[in-house]
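Shared chain: chain A. Partners: chain B in the first complex, chain C in the second.
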Partner chain A sequence: MRKYVKIYLPFTLNALKRQMAYKGAFYLFILVSLFSSFISYYLWKAIYTSSDQATLGGLTQEEMVVYVFMVYVTSSIVMSSISNYVSEDVVKGTVAMNLIKPIDYRMSLIAMAAGNMIYRFLVPSVAIWIGLEIYKVTALGLRPVTAVEVLLYLLSSIMSFLIYVLFDFCFGMVAFFTTYIFGMMLAEEALLGFLTGQLIPISFFPSAVQRVFDFLPFSSMVYTPIMIYLGKYTGRTAGFMLFRQAAWVVILYVAGGLIWKRVTKRLVVLGG
Partner chain B sequence: MNQCKRYLRLYKIMIAQFLKTIMQSKVDFLIGLFGFFFTQIMGIVFLYLVFQQIPNLQGWTFEQLIFIYGFAQLPRGIDHLFTDNIWLVGWRMVINGDFDRYMLRPMNIFFQVIAEKLQPDALGELLTGVILVAGSLAKGIVIVDILHVVLFFVSLVAGAVIYTSIKLFFASLAFWMKCSGPFLQTAYEMADFAKYPTEIYAKGVRFLITWVIPFAFVAYLPASFFLKNDVSAGMIGIECVIAVVFWCIAYAVFHRGTHVYESAGN
Partner chain C sequence: MIEVKHISKDFVTPKKYPGLKGAVKGLFSNEKIVKTAVDDISFEIQKGEIVGYIGSNGAGKSTTIKMMTGILSPTRGECLVDGIDPNKRRKENAQNIGVVFGQRTQLWWDLPLSESFTVLKEIYNVSDSTYAERMEFLNRVLEMQDFFDRPVRTLSLGQRMRADLGAALLHNPKVLYLDEPTIGLDLIVKDNIREAIKEINERYQTTVVLTTHDIGDIEELCNRIIVIDEGKKIYDGSLAALKETYGTKRRVSMEIRQPEKVAKLHLASLLNVREEECSVNYEKESNTLSVTFDKHKIQVPQLLTAVMSVMDIKDVQIQETELSQIVKEIYSHGIMEG
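After this line comes the complex of A and B, so read on.
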């Protein structure tokens, strides 16, 4: 374990440092990604005023506001993409270098993603989270979140992060087959936005569709931690959800390893 | 007139060159098209799910919102198809000195920038737009008479010009700040606000997207003219004025920018 930390920690630190170097651009990106949160915020407000029911999809208007902004906080922790690194390495051929080094390529990528995650968590997310919590208690009149909920939320988010990164690694393998990963990433983003509950809570889907989602890893990425945070999953349900997340981490870890083995067998790198 | 002919001929030659480069990777083309198409479809599914819960959104029906959504894709797609190269000016051409080559040729510089590339990904957006608008026509919720049909096409062109102008303006800032990509992206993404009726937003936001970065005029406002009888044709008139004004400002900034451009020497 110590040896692992010693090998992979530098990747994490490196990613952190790199993020620090481009602060200006980064703040603008925060602004851009907050745009969509505000669009959803206004849209949901209009939707609730147009509805004659107080709750839609099991959420009240106040809870929906919290949901929308927690989506932002959670996705900035969870969605730390590595498939673009994979595609860059494959297209440039530097992946060959990674194959001859005595390290696990996937672990190094995950360590790097962890660095990005920590930075994004510390810089915008915590501030937005605290702001949201204050707004929630003072303006929306909801009860403050409990310490247990925060702990469970963080635990669940870290698992979400692992699920996302491991899935994204499998997805990045596409780069071995096409060089134009931009379009694929766009499609991935759109699909994930939907299946993870970023765009709309999973509870809005017809129940048959929800049944199907139960067997996919996606709702574990964003929806589960937020439901825990909102106090919709408590006690045994919360335990079961966390267990399901853990199961997905294991499954995707094994699957990613297998795919990687098969793909690298047919890899051809010219020059170097 | 001769000038015009010359540029048309040049455009044909340059685009032919570009088409040859994409022919070598047909799969990439399909993937890009699929990516953009898919992103748009998800937006529709979202609206569909929401409308399972409510009868209308502040007076707008599901069908009307679909039309606004689809209509918004058309000017966006047109601009995306023809002027995608502007992004590269903002992101990297100025900072790494690639812009040199435009300065050296005896042709209009802006013309060269846009003639260098067509973005086939845009067909994903255009396809969504055409399908949704055609669907709305079939449902009969859109007003169809000579005036509306003519103004429909005028509005598409004006909308595309507004898009191009906003992109060109923010990309041109790169001549002074070397890389203006993040600003360009920020401005461009504001277009997402205009996919829905602007009445749902707070006053400040509404003002911003109507008059400062006027994306409301490429989507929601003209679309409401085609949907509702009580909106006057003046709406399209204002759209055209805005398109012309923004184009003049953006082109002036671009033109000044090319004078202060200094190459990244080595």
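After this line comes the complex of A and C, so read on.
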């Protein structure tokens, strides 16, 4: 274990340092994604005021505000893409440079994604999170979050991160067959926005659809940690949800390993 | 150290048709083309050898190297590097080898060079004391200290190549693969790199496999060369033997006193050989007569006596066929089939 940390920690630190080297791009990213959070905030506000029910999909208007901004906080931590690294490595042929080293390609990618995650967590997310918490208690009049909820939320978010990167690795493997996956990455993002509950809480879907979602890993990526944070999953439900997340981590880990084995068999390194 | 046994690699690509019509047709057809990049190649390389692996562009050099490093899996056959099959036990093999691909870099593009070395130190599990000792050695032979703290993207090609070579050697690999290590470098940097490779080979008995298009690299470094063409091995042996076997042409240039007598010189009949075995060429401006012949058929004194029997000679120059000439002929399929 210590050896693993020693080998892959530099990848994490390098990703961190790289983020700092390209600050402009990063702040632009924060601004743009925060902008879309405000759009959905005003959308939901309009929906709630024109509706005669106080709760929609099990959430009050106040809870929905928290939901919208927690989507921002959570997905900017969790969704640290690695398929773009894979696609770059395949297009430029640099995947060869990774294969000549005694390291596991997937682990090095995950370590890099972890670096990005830490940076995003420290720089914008924590500040926005704290701001949201203050706003929630003072302006919205909701109860403050408990320490247990925060801990469970963080635990669940880390699992969400693992589920996302392991899934994204499997997705990135497509690049080895098609070479170019930019278009597919856009499709992936759009689809995930829908399936993970980023755009609409999953409780808004018809119950039959929700049943199907139960058997897919996507709701575990964003929806689960936010529900824990909102106090909608407590006690045994929360335990079950965390267990389900852990199961997805194992399944996607094994699946990714198998796919990688097949990919290296028919790998073609481009250029030179 | 390296055993390559009947290794082959096929690349399968979908068939493409020309033009817009072809592009549309390509959407619906499912035809595949199989191209054999490496075709049944075998060789063995001993510890401490420096082997030049040469061939024209697209001959299959890089593909072979990629199979030996474990990046590509061979379609047929196998290879063993220090007893390990790089394809089955890639990570173990990676610990034993160092690789430099001249066209790309293994360094972290956005970070200072020093960071790349720190990462490599951890990846290859190099201890602090070994690291210090190695860095001292590498800095001496590759002179990296001037740009050690600069981001890799700001390095010049020569600096980057030296840094890459250093990075490949940090963990003291048993085998060093160099894929065109001197491509695009100026003469002085080329010389430095060659010197460094030589010194590393002597000091650590590192086995070096080198592909290159630079004849200078081969002449200065390699004691053995393997030539491949269209995926097949066509020569494997020492450099001297290659020259001995294929470099049999010799050229003698003579500055002469009586240019008017050139027409009277019938060298072939004087030497008792066939016309095509000694070609004569006279250049009016410099007043030189040059004769190209097979050195096993005609001796130089014999030739000079024959010429001098007709005219006087002011000056003589003898040229052996250069390696570049031999290689050029091999590439254009001249020698091997003849």
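Note that in this section the second predicted complex is superposed on the first by the 269 of 272 C-alpha atoms of A that agree within 3 Å, B and C clash if a C-alpha of one lies under 4 Å from a C-alpha of the other, contacts with A are read in each partner's own complex, and residues count from 1 in each chain.
Here, contacts are C-beta pairs under 8 Å (C-beta built on N, C-alpha and C of every residue); 3 or more make two chains touch, one makes a residue touch a chain.
Worth saying up front: this structure is predicted, and the values here are computed from it rather than measured.
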item: A:119 touches, of chain B and chain C: first, second, both or neither?; value: neither
item: First, second, both or neither for A:85, with chain B first and chain C second; value: neither
item: Partner chain in contact with A:72 - chain B first, chain C second, else both or neither; value: neither
item: Touched partner set for A:164, first chain B, second chain C, both or neither; value: neither
item: Chain A: partner with more touched residues, chain B or chain C; value: B
item: Which superposed partner A:190 touches (first chain B, second chain C, both, neither); value: first
item: Contacts of A:36 with chain B and chain C, given as first, second, both or neither; value: first
item: Contacts of A:104 with chain B and chain C, given as first, second, both or neither; value: second
item: Chain B-facing residues of chain A, complex; value: 24-25, 28-29, 31-32, 35-36, 38-39, 42-43, 45-47, 49-51, 53, 56-57, 178-180, 182-187, 189-191, 193-194, 199-200, 204-205
item: For the chain C and chain A complex, residues of the former touching the latter; value: 11, 62, 66, 69-73, 90-92, 94-95, 97, 99, 101, 103-106, 108, 110-111, 115, 118-119, 122-125, 179
item: Chain A-facing residues of chain B, complex; value: 25, 27-28, 31-36, 38-39, 41-42, 45-46, 49-50, 52-58, 121, 181-183, 185-186, 189-190, 192-193, 196, 199-202, 205
item: Residues of chain A defined as touching chain C within the complex; value: 3, 6-7, 9-11, 14, 17-18, 21-22, 92-94, 96-97, 99-104, 264-269, 271-272
